[in-house]
Each structure stands twice: as C-alpha cells, then as structure tokens.
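You will see two complexes here that share chain A, one where it goes with chain B and one where it goes with chain C.
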Partner chain A sequence: MKPRERTLRRWFTGMAFLLPNLLGFCAFTLVPLALSFAMAFTDWDIMRHNQFRHEPLHFTGLENFIRLLGDPQFWRDLGNTFYLMLGLPFAMAGSLGAALLLTRVSRRRTAVLPALAATTLVLIASGLGLLWGGMAESGVWFLFGMLAASVLLAGVLTGGTVYRTLFYLPSFTSGVATYVLWKKLYNPHSGPINFGLAPVLDRLTSLVRTSPDAFTYGLPVICAGLAAAVVGWQVRRLRSRWSGSESGLAAMVTGALTLGIPLGLLLSWQGFSMIVAVGVAASGAAVLIVTTLRRPRPWGRARSADAGLGTEFALAMLSLPLLLVLAAGIHVGPALPALAVSGIEPPDWLGSYAWAKPALMMVSLWAAIGSNNMILYLAGLGSISPELYEAADMDGASAGQRFWHITWPQLAPVTFFIGVMGIINGMQGGFEVARTMTAGGPAGATTTLSYYIFSEGFETGRLGYASAIAWVLFALVFAFSLLNFRFGNRDLSD
Partner chain B sequence: MTETKGISSKPPGPARGLGLHGLMTLLSLGMVVPFAWMVLTSLKSLAEVGDPAWLPKQALWGNYPEVFSVIPFLRFMANSVVIAGWVTLLQVFTSALAAFSFARLQWPGRDRVFFLYLGTMMLPGLVMLIPNFQLMVRFGLVDSYLGLVRRPPSMPLARFCCGSSCWASRGPSTRRRRSTGPVSGRSSGR
Partner chain C sequence: MKRIFLIFLGGLTLAAGLLYWTLPEQRSGAPVLYWATQNDANKRETVALFQGWLARQGLPPVDLRIDNAGLEAGSPGGSPKVLVQGVAGMGGDLIDVSTYQLEMYQDAGMLMDLTDDAHRGGFSTDMIYPALRGDLVLDGRQYGFPRQSGVDMCWYNRATFERYRLPDPSPHWTWDEFEELGRRFVAATNPPGTRQRSYFIDRVWPPVLRRGLGLSTYNETGTRCTLDDPRAIEVLKRIYRWTIDERLMPTQQEQQALASDATGQNSAFALFATGRFAMLYEGLWASMELRRLGDLRLGAVEPFTAGFRNALAGNGTVAIYAGTRHRAQAEQFLQFLTSKPYNLFVARIGDSLPPVPAYARSEAYFHPAGQRNEWEARKVFSDATREIGIGGTTSPFVLPILAFRIDNENIEAMLTGLISPEEAARTTARRINDEIARRVRQDPKLQPLYAERKKIQEQIDARRAAGRPVPAAWISDPFLLAYYRAQGWLEKEAAP
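Up next is the complex of A and B:
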C-alpha cells in the first residue's frame, strides 16, 4: 500500500512538471501526427476536400505507399537528399577543427599590439573615407586589408573571442537571409564568385593548352593513386579491427558504406568510365571477402569491448565524399583538353544540373562549420581534464597521438550527438535552402524529400500522398537512428 | 573556453601565437567576406547591382533610410519581436520544467514518454505542418498571432539538448540507461 502510494505521488509530481509541455505537445504534435498518419491512407486532395467543398473522403489503404514505390520522383529526391548529406562529415570535421584552433589561440596579449592598433585605426579611417567619397576599383583590396587588420587586432585584443563570434556569424543570421545572399554570390553574371574564378580558369585553360597530356593522363593517375591509398587505408583499418575480433556486423556496415554507396552512385552516374566502376566494385568486394574470411561468423557480436567503432564510422563517412571527389577527378581529367579548346567557363552554379547540388552543399558547409556544433565541440574540449594531457606529455606522446588517443575518444559522445542530429536533420533538410535558392533546382536537381512533401502537399494539394511520403521519410530516419544508436555509441566509454 | 590549457601542452611562443592569429583571421574573413559583399552591395544603386565590381561608384547611404519608406519595416520588426518573444518565453518555461521532470525525477512511464518525445523529433516538421494547417483553419487561427505562437516543431529539440545534459549529470543512484539511450552519464567523458 505504502510503496504504491509513493509511486503514485511520484507520478503526479513528474506529470505536474511535464504538464505545461505535454499539453502543447499533444495539441500541436501528437494530434497532428495522428491526423497525418490517418491522412496517409486517404486520397485527401485539398482541391476536393476543404472547408468549402466536402466530397466524400476515401480510405485507400496502402495505395499511396504502393504508388510511392513506383514514383521515379521519390527515388530521385531520395538520392538528392543523400547526395546533399555527403557534406555532413566535412562540416563535422570543420567544426572540430575550428574548435581545436579556437582553444589553441593564445590568450596573452602580444607586444606588437600598439603598432597594430595604430595601423588599423589609420586603415579604418581611410577605408571609411574611401566609402564616403568616390572610390577607385583597386580600393577593394585596400578595404580587404583594412578588414583583415581590424579582425586580427580585435582577435589579439580579445584573446580569440572575436574569431569565435565571427565563426558563429552565419548561425545568428537568419538562414533565409544567408541563402539569399549566397544566391547573389553564385550569380554567374554579376556574382563575385565567378568574377573571382574567371582569371583562375583562364590560367588553367592556358595550362591545359600547353600541356594537355599532363591533364589527360596525369590527373586521373594522381586521383586514382589517392583513391587507392584511401581505399587501402580503409581496408587495412577494417581488417585490423576484424582480426582484433571486434564487432563484425558493424565493420561490415562500415565497409559497405565506405565502398558500396560510392559504387552505387558511380554505376548510376551516366557517362562514368567502366574502369572506375569495376575498380571500385573490385575493391569493395575485396573488403567484404577479406573481412568475411577472417571470421567464422561475421554477423555475430564480439564479446570483447568494441573500442573505436565510432572512430571507424566517422573515418568511413569522411572518406566516402573524398572518394567521390577523386572519382570525379578521374572523370574530368581526360575531358579537359577538349574543353580548353573553347576556353573553360566558370560553372553556372545554381542554373546547372551538375553544379546546383555542390553549390548548396558549400553553402551548408559554410554555415555549419561555425554553428552550434562548434560550440558543442568547444564545450567538450573544455571538459577534458588536463591531467590526461599531462600524463600523455610525460609519456612523450606526439600531437597526433594526443589527438587520437585523448581528444578524439573524449569527444566521442559529442561527435555521436552531432552525427545523429546531423543525419536526422540532413534527411529532413534541404527544404529551406532549396526553396530560397533554386526552387527545387534545375530539373529537380536540388529537390529533396522534404521539398517534395511540400510541393505535393501545398502546391499540387495532394495532402494524402504528401503525408505518405512524410511517413516513409520518418521510417527511413528512424531506421538510420536505430542503426546509429546500435553501432554508433559503442565506444562512448573509451 | 574556460579550462583549455590542457589541450596544448606548451604555451605557444609569440611567433607561433601570431601565426595562429593570422590563420584565424584568414578563416574568419571567409565567414565575413560574404557579409561584407552584402554591405557593399547595399550601398550600390539599382543599376550597379548587376555589376560584378565590389565597390559602388558612389556610396548611396540613402538606401538605408529608404528601406523604412518602401516597406513597413518597423511593423515587420514588431511582428518578429512579438512572435519571437512569446515563443521564447513559452519554450523556456515549458521545456525547463519538462527537462527537470525527465532528468531529475523518477516516475513510472517516464522513459516511455521521453522516447515518445524523441521519436517525434525524427518526424519531418512538414508532416505536422499539413495537419497543423488544417487545425489552424478549423480553429480560425489562420492570420492571427496566436496561430504563429503555437508550439514550433523545433521544441522537442530544445528539450532533448537540455535533457541530455541533465542525463549526463545524473548521479549513479538513478537507473542506468541501456545503450539505446541518449548520451548517458557514464560516458560523458568527465
């Protein structure tokens, strides 16, 4: 009687705290959720079923989902979503790098300070004067110099706080504003990106014209060599993990992710040389065979601690886009001399099918490096106890060893959290940026799944079908998150 | 950036410190330059905007006062402030209470409710946008402040962050989470 009463009391206390939130949660999340789940099984069309027209609503069973499987647009948009997510590992690496650099910036003031201050003041004054009066074309370099000097001065004065603020700048500007800004920057005719790119490409054109062989054969060979090195490194790491009798299935998943996804993309990528595809296929198969042969039961879970699998996963994710870039290098090399005949043009970023997605990825990357992820990493770095580093110093550990054996494992929970959130957001994302910059892109090149949901639901008005897509997307995100929680945070306790 | 002396073993010398500052300045410029371009373009005349040159021929500072006469800027600003204010107030109040309930209190069914919350986080906001819109229409909240101050979909995120940091600081006496749980106390690397 007594414990039961206490349990009830505890339940009431907990509920009382939760209640304000739970009310909103029910009203604006759970109820709409149930509604949308129900809608996924109907033919709800906003043109026929609204507050003015009440046509009978039909329960269509699984029809929406069956239609989805045969919808080429759904598969294309799914591919687009994954493509845009390839930037995530770079964004995470960038955030970590920025955080590491920020913690290393000396907080002491240096002796050159007064001199710097004087120069900067003069520069700022003359820069403002330049803006107020008429200005020459060359004034822009002066302006940049002024900007750089003032940033440096402020950085030295504040001991690095200014850099952190500036890195965070894209995050406290509203997303839509930065997207509009980048849309202007990408403009092929008036944007500064192509303006700055034109002389570089002219130089490249003349280089290709003078020595075409270097690009026809040299570039692919270099790229292939680098790709082989990356693949070999991955294979070696995976093999050592495997023979170290760590979790087989996780290594298999990692291997498949590293090599299988680029393989699939390459094979589906029209115009790719067969040799590349076969090469990647062979190396992928080699990893799987090697790893499978090493263990009698590759699907079984190892009993020993699975240390470092998160590391493995992160490295695999990082090498995946790297391999894609290298494959693109192999592809582009032989085509360059033909292009150089008429001069290599800067890309028509948002207007071209091939460049629209990389353009959006670069914007996201730019915004993501100094985002909340960096703040999380900074907090994580701050909470690593200095004793660990002192001990490592006594043992004579190098900077790389200190990073891989102290910093990285200690940051594993943060990395895991950022990775999970990044994957969840990435799979649901791409709507805002595509809506603002490309409206879905040339020929749907930047239409992600969330954008497809929006256009089905609010542009064509097929609410039922849109809900079905949304629930399939949810299932995908859920599956990925389960995989992550299952395999990702195993080495949190390193 | 409170206790960071452990990360770099030796304090960098003046030369290395300055080099680091230079590198950080360069990286910061990468973040600032797009905005600088925006500011410079804002000083251009409409005819000059299509011109790839960075600097306007004549800086038109009058562009800024003009904003207030072309669009009802103050009105838009007030809208943003009102909406943001209410959303923040409600979010912080309810999320803080909920995070406390999830992290520090023990009550039957707590973990299940928490995972229900977590699960909804994985749903695309657009899923809820469609029925939410229908509900707003039904309740006559379309075209009203109240309709916008409704619970935004990012709300569970706020609680998750808050919640997970509270998980991390929970004492050993509370129930240990399995590996499927959020970032758990034992593993926070303290």
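Up next is the complex of A and C:
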C-alpha cells in the first residue's frame, strides 16, 4: 500500500470513529445554535410556524432586540438573575472552607468513625423520639442541632472519605428532588425551618417587648459599629494599595462603590428620595477617591488604570453583602418593637416578595458548597508544596498568616476558574430551582432570565423573541468572561 | 482497530433494532392510540370500559394507552410539553385539554376539526350542556368532546360549622355574608397571640368575583382587556382584604406550599377534613379526594357574588391530534364518551358531571351507593351547572396562558404590597392590551377578524350608550352574553 493510500485510510478510519460524535454535535449543538441565531432576527412563533401552520416567516431585523430593551420584564428578570448571583462569593467561601476542613480531616485519620456514626444514629433517634413524644419544635431543633454537630465532629475527627461523599451529596442528587425537599423545609405551616425558628422568634419577641430600647437603639448601634469597622478597614486597605502602587484608578472606584452602594440603599430604606440617596452615596465615594488620589505614591504610578481591579472586584463581592446585612440591621432595629406587638412571625420563605430570592439563594448555596468547586479546591490544596508551609513554620507564621500568604495566593488560579464558571452558571441558571419551588413568583420575584426564555419560548411560543433573549444572555456571559480574563488573569500573573 | 469499530457499529445497530422491536406499535396486534392525560385509576377504568364498549359494538379492538409523560400537574396555563410535542408532530392521538388550552392548541393548528364527523358520529355539541358548547367551538367549528363537565362551587364541612356554632352559608350568598362568616370562623379558630393555622376558604377565583359585578376580562368582542374597570379594582381590594387584612384565605404561595405538603397531594383536602379549612372552592371531583378522608358531612353552595349569580363552568375536553394516524379509532373514543356505560361511570364516581346532561339527572348520579353524604351536594352541582354555569372567557387576540400569567402576577404583586389595587388593575389591562396589539400586528390571519370585531364593538358601544338592545350574535364573550340576556339588553329576535 502506498503511503498516500495509507494516510487516506488512516484518515477515513479516524473520521469513522469521530463521525458519531461529530454528527451528534452538529445535530444537537451546532445546527440548533445557528438556527437560534437566525431565529432571533425573525418573528418565529410556534403558533404560526409549525408542522400544521406554514405562514411565511418574516425577517424582522433587530426588532426583537429593540423590543427587549423596552421590556420591563427582561430588566426585572436580569435584576433577579444578578441578585441570585450575589450568593456566589459565599458559595466559593463555603467550598473553600469545606475543602480546608476535609483536607484537615484526611491528615488526622482516626479509628473512631464507627463510634461517631453510632452516636449520630442515637442522636437522630433521640430527636425523632422527642418529635414523636410531642416536643415538636424543641425536638426539631434538637434533631437538626445534633445532626449538624455530629457531622461537624465526625468531619473534623475522622477519615475523610465518608464525609467527602456527604459533602458532595448535593452534586449527585437530582436537583428537582432536592428542590422539592427544600420546598417542604420552607413550608410556612409545617416546614421544620419555621418550626425551629418559631421558639427563637417567640423568645426574641418577648425580649423585644421587655427591653425595646435595646433593639431600637442597641442593634443599630452594634450594626453601625461593625459597619464602621468594615468601612475603616476598606478605606485603609484602599489607601494602602494606592500608595503601594498596587491599585489603579478603576480599582479605586470599584472599592469606593462597594462602600457607597450600601450607604445609598440604607438612606433609601430610611425614606430618603432616590436622588438624595444616590447623591450622598456618590459624594461619599467621590470624597474617598479624591482624598486617596492626593496621597503620595513612593513607588511611582501603577502599571495601568485597571491594575488590581480583579482583587478589588473579588473583595467587593465579599464585603458588599456583609455591609448590606449590617445596613439592614441598622434599618430593622428600630422597627422591631412595633413588630413584636403582634409577635414576630417566621418568614413566609417562598411566599414573600422580600424572602423568596434569599430563600432560593440559600438552596443554591447549600448545593454549591459541596459541589465540584469543593473538589477543585481539594485538588488545588493538594498541589500546594508542603515546603512552603514548612518555610512559613520556620519563620513562625501563624495559621492565619499561612492561609493569607500561602494557601490563598496558591489557590488563585483555582479561585479564578471557579469564579468565571460561577458567573457563567449563575447567569444561565436559576430556572430549575425557580420552576420547581416558586414557579417564578411571587409576582415574578424569582423569575430569572433563563426562566423568562423558557416561558417566552415554550409557554407562549415566541421562539424568535426567546432566541433574542438567549443571545443577549450569551453576550452578557461573554462580556463578563472577557472582563474576568482581562482583569482576573492580570492579577494572577501578578 | 477496524474490528473494534465494526463490533461497536454492529452492537449499536442491534441495540437500535431491539429498541424498535420493543415499541408498542410493533408488538400490539391492534392500532395503538396514545391518550395524553393523567394516569389515575379512573382513566385506567375508562380505557377498560372503552375496550368493552368496542367489543359490544362489534368494532375491532384498539390498544389505547395513557401517556402522562408530557403533563405537568398544577401548571396553571397547561403543559408546555404537550404544545411543543404537538407542534413538532409528536402529539398524543387524543389530548386532554381545558377551555384555555383548546384555543391555544387550535390556534397552533394541532387539533382536528371534528364538526362534520361529530354530526355523523353522534358526538356533536348538541349532546352537551348548552352553556358549555362554546368551550368546544372556535370560529363555528368543533374541536373536541367533553369527558366530563361541571362548575366550581363552595364545599363546606358541616361538622366544622357546627363546632364553631356558625350557621350554614345560604345557597345564594353575598360577599358581605362570606366576609362575616369568615371573620367569625377565623376569630374562633385562631386565638389572639397564636399563629394562624386555620382559614375560612382555600381560594377564590377572581373572574367569578368580577362576573358578580357584571364585568368580564374582555369587552364584548374580545378586542380589549377591561380589567382597569373600577369594578375590577373593587374585586382586587376585596381579595386584598380577605387575604391580607382578614386572613380568610391563604396567599397563592401559601396555597402552593399547602399543595406540596407531606403527602404530595393537595393537603387542602386534609385540612378541610380536619377543620382547618372551613370551605373549599373546587369542582365535584373534590368529592373523590374527600371520600378517602372519611365520612364527612358535606354541603355545597354556589360561589358568593356581589349581585349577578354565576359559577365558572368548564369541560374536561378530549381533542384529537391533527397529526394522528388513527383518526377513525380516535373518533370512536369520542363516540364512546356519549355512551351510557361511560356516562353512568362518571355519574357514579363523581369525577365532575357526566358530559351528557341527561345522565346528571339519573339515580346513579344523585344517589350513588355508599356515598349518602354527597347526595345533597351533587344536586347543588347539577342545578348550578344548568342554571348559573357559564363557560370561560378568552379572546382570540391574546394567548389565554399569557393573560392568566399577567393577571396572576399583578394580583401577587398587590398582595405582597408592591403595588396598589389601582396600579395592579391598570398594569394588568395595559399589558394584556399591549399583547393584543402585538399579536394582531404579527399574525396576518387575525387582522381581518380584529378589524371586523372592532367595528362591531363600536356599534355595541353606540347602542349601549343610547340604551338600545344589542344582537346576541355580536357578543362573543359567553359571560357577557349571559349577562346581557339577564339584564334584557339583547334584541328580542336574537334571544334564545
């Protein structure tokens, strides 16, 4: 056989192996992708363009995209999508925490696993016994508390395989099944979460009733104090990074906005008009930026205006939710005595407009902590050279210093990857959980963009418009990924 | 390498062949028909009855199979999967449809026009309740036949009412009477300082409340949504008061939470049986659920209204898929739905009323053996379907599921305090009217119909303003037609 023939034969053999996969890719990915792109520029409606009705399809140009810009539902659902993504930093922190815990576990193998497993079973049985005996609410607390304690204890003390599996459980359990379970947990009438919360809130009610001033003034003061500490730390850090030429102007603005947004929201909750709230928040941020820019920079200017933006963005994602919680504390404190008059009720998790999104976020958080992210962090932790820790030990570094100066920087590539994937999944996600738990309600509070695409495409049949939304979503995901690679990568190489 | 490739190819081909061989069509000796419906004991019994009926009629057997894979229980606007499968050419031969779905599926062209065959085969609309004929007919053509009919009424548990010393609700009662009784029940069952665990009723249906005030979702010709009318605002205010202020009923999300309670079934029935719900707003089919919960002393009254007595009537319709390969057999099934064995079966089990009204006046319906506690309620349902039952309102210019979603979303937004009742009414009407305008602009088929109806609407408005009667043929909305008739606003020659 000639070499040319042999090459051709090899090529055909190779293609024959590849063909099933290529055909599948073309039939189920490439062609639908191209079709959906074309559909986004048409008035394709399955009511009029289908097997039974063959009306001419019209090219509508950018009409679908223009309509989308003026569609309040699109903006509301985009806002919901971003809101639900606020849980991402907590999920990443949770995954890292779980990975650290499990790494620690695997280093201290002991033989007490059977004993701990037996103890857990006894504790669960005791909790069930209490429930059966009529001590419903305290029984539920006991059951959950003991379960959590035993898992924690066992996780810390025993060989990790079992507990790695436990942590990873949400990832290989069917999403819909767990969401149905969560729906039952959230049930305002018979759900164990509210059963557990009820005695706590009753106690809180009586506390608020007996000493209303402590809550009217005490809680806001404590929250304000904590918020001041966070703000002070942030200001100091921003200025130090600026002086050290680690941050450019974009990073400075991002850091300042992290402080301005909670302030603006707090003012708005307190009844100030949006103009006043935005004005005060913007002024505060501007003062911080201007006073920082005037500080001397002994190391010269930063390399570029966007230097350090990735770090600042990551920190903003962590500190913003914290500051928002503290702002909520300042706002809610004075209202508690009035609430306590009729008794502070546990939330209607899925039925309240205010609680529905946080409730879904908690479900996603639960699923995300033990997900592939944890596995990636475990792999990342395993690849850190022990010599680095040994050197740090010899230098007398504390556990915190070891984490901040060795573990965290060494995990930066993993964190970057998880962050990018988290943003992509977050922007595309939310459909399954909302469809199962809330049907997008109440009043559209949990309708995400992917849910909107589904309802436009398959409930009302407007495939052209649904495709346009899908491609805008793609553009957003693409833009975010580009930003991530542009700025996140720069920090990694730093 | 080549050998491995050939082994895999052979294996896959064999597996495909085996899969094909396992298909019911390959293994059944009779034509296989798929019926997209819920897979429950009653449907399985219906299939068995159909097969017996075929044998008695001397017709060849049919392998009728229930296909519930595409159905989504509790989906308010119907199942998107049925629509998507249907327009893609993969629909079931027989499809269960509600009033709202029928219009949507017909619009997509996936339902078979049965008008001529129905007359020949004896399953035309003449066989069913006059008030519900409109549910099966679009543009004068018939697209299905009911497997059951009926109205939603207010069930009450006599034991619960006696326990709290409440008088029975009167047969024709008003909003104020409902509110008064409900307030007393909620106060008696939820002592001050405790969390609310009992509600007076599980839900209300806004269209019925609006109809009580003489208002429909659309105008007479379906060309404009009228939910910004002051009467719609009044209804929203009442719903807010009953749900949030008085807590006579749970919110929609609380209803959903209850529906997903421990048993996986609608726990409203269990709560009704234990006295935590004094009333249920459901159809006669609820009796099948309640039967499992013991020998409850049941009563039923018509929905409370603010003037015009009405009850929302509807059919559980079976339609034939336009792409079926077994049209004759599918039509035999619709013929079977008019048969005595089937109608007596529905009458006996109480899964709503039998589709042929004569059987709803039978002994099997009124006095089913072993269900003495339902006898009184059954008469109430039968009378209400004939006397005050009115079919659902739709407009050909907007998808019912979309209108439902918009209405529902704004009611939720009002109940959560995001918007006022006035704003909710305005937003609902504006969004539905925007959808009407968009759909008419995009669908050339609708444009002449819309223009024609707009002209008719102008004439109706002019006549109404002058206090003159209107021809019945001008009014396409079933409720407004009944309302006009009751008010004496129809031209005499057009009245039935």
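Quick note on the criterion: the second predicted complex is superposed on the first by the 355 of 494 C-alpha atoms of A that agree within 3 Å, B and C clash if a C-alpha of one lies under 4 Å from a C-alpha of the other, contacts with A are read in each partner's own complex, and residues count from 1 in each chain.
Here is the rule we go by: a contact is a pair of C-beta atoms (placed from the backbone, for glycine too) under 8 Å apart; a residue touches a chain by one contact, two chains touch by 3 or more.
Since the model is a prediction, treat every value here as computed from it, not as a measurement.
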{"item": "Which of chain B and chain C A:F17 touches, first, second, both or neither", "value": "both"}
{"item": "Partner chain in contact with A:S481 - chain B first, chain C second, else both or neither", "value": "first"}
{"item": "Touched partner set for A:R203, first chain B, second chain C, both or neither", "value": "neither"}
{"item": "Which of chain B and chain C A:G343 touches, first, second, both or neither", "value": "second"}
{"item": "Touching partner for A:E390 - first (chain B), second (chain C), both, neither", "value": "first"}
{"item": "Partner chain(s) touched by A:R236 [first = chain B, second = chain C, both, neither]", "value": "neither"}
{"item": "Which partner, chain B or chain C, touches more chain A residues", "value": "B"}
{"item": "Which superposed partner A:K184 touches (first chain B, second chain C, both, neither)", "value": "both"}
{"item": "Chain B versus chain C as contact partner of A:R6, first or second or both or neither", "value": "neither"}
{"item": "Common interface residues of chain A - those touching chain B in one complex and chain C in the other", "value": "13, 17, 51, 184, 189-191, 454, 458"}
{"item": "Touching residues on chain A, where the partner in the complex is chain C", "value": "13, 16-17, 43, 45-48, 50-53, 55, 180, 183-184, 186-191, 198, 343, 345, 348, 350-353, 356, 438-439, 441-445, 454-455, 458-461"}
{"item": "List of chain A residues in touch with chain B within their complex", "value": "7, 10-11, 13-15, 17-18, 20-22, 24-25, 27-33, 35-36, 39, 51, 98, 100-106, 108, 110-112, 131-132, 134-135, 137, 139-140, 143-144, 147-148, 151-152, 155-156, 160-164, 166-167, 169-170, 173, 178, 181-182, 184-185, 189-192, 194-195, 366, 370, 378, 380-390, 393, 402, 407, 409-413, 416-417, 424, 428, 431, 449-450, 453-454, 457-458, 463, 466-467, 470-471, 473-474, 477-478, 481, 485-486, 489-490, 492-493"}
{"item": "Touching residues on chain C, where the partner in the complex is chain A", "value": "1-2, 5, 76-77, 80, 83-84, 87-89, 104, 107-110, 193, 195, 197, 251-254, 256-258, 260-262, 322-323, 399, 401-402, 405, 409-410, 412-413, 415-418, 442-445"}
{"item": "Chain B to chain A touching residues, read off their complex", "value": "1-9, 11-12, 14, 17-18, 20-38, 40-41, 43, 49-59, 90, 93-95, 97-98, 100-102, 105-110, 113, 117, 119-132, 134-135, 137-138, 150-151, 153, 155-156, 159, 164, 179-180, 183-184, 186-190"}
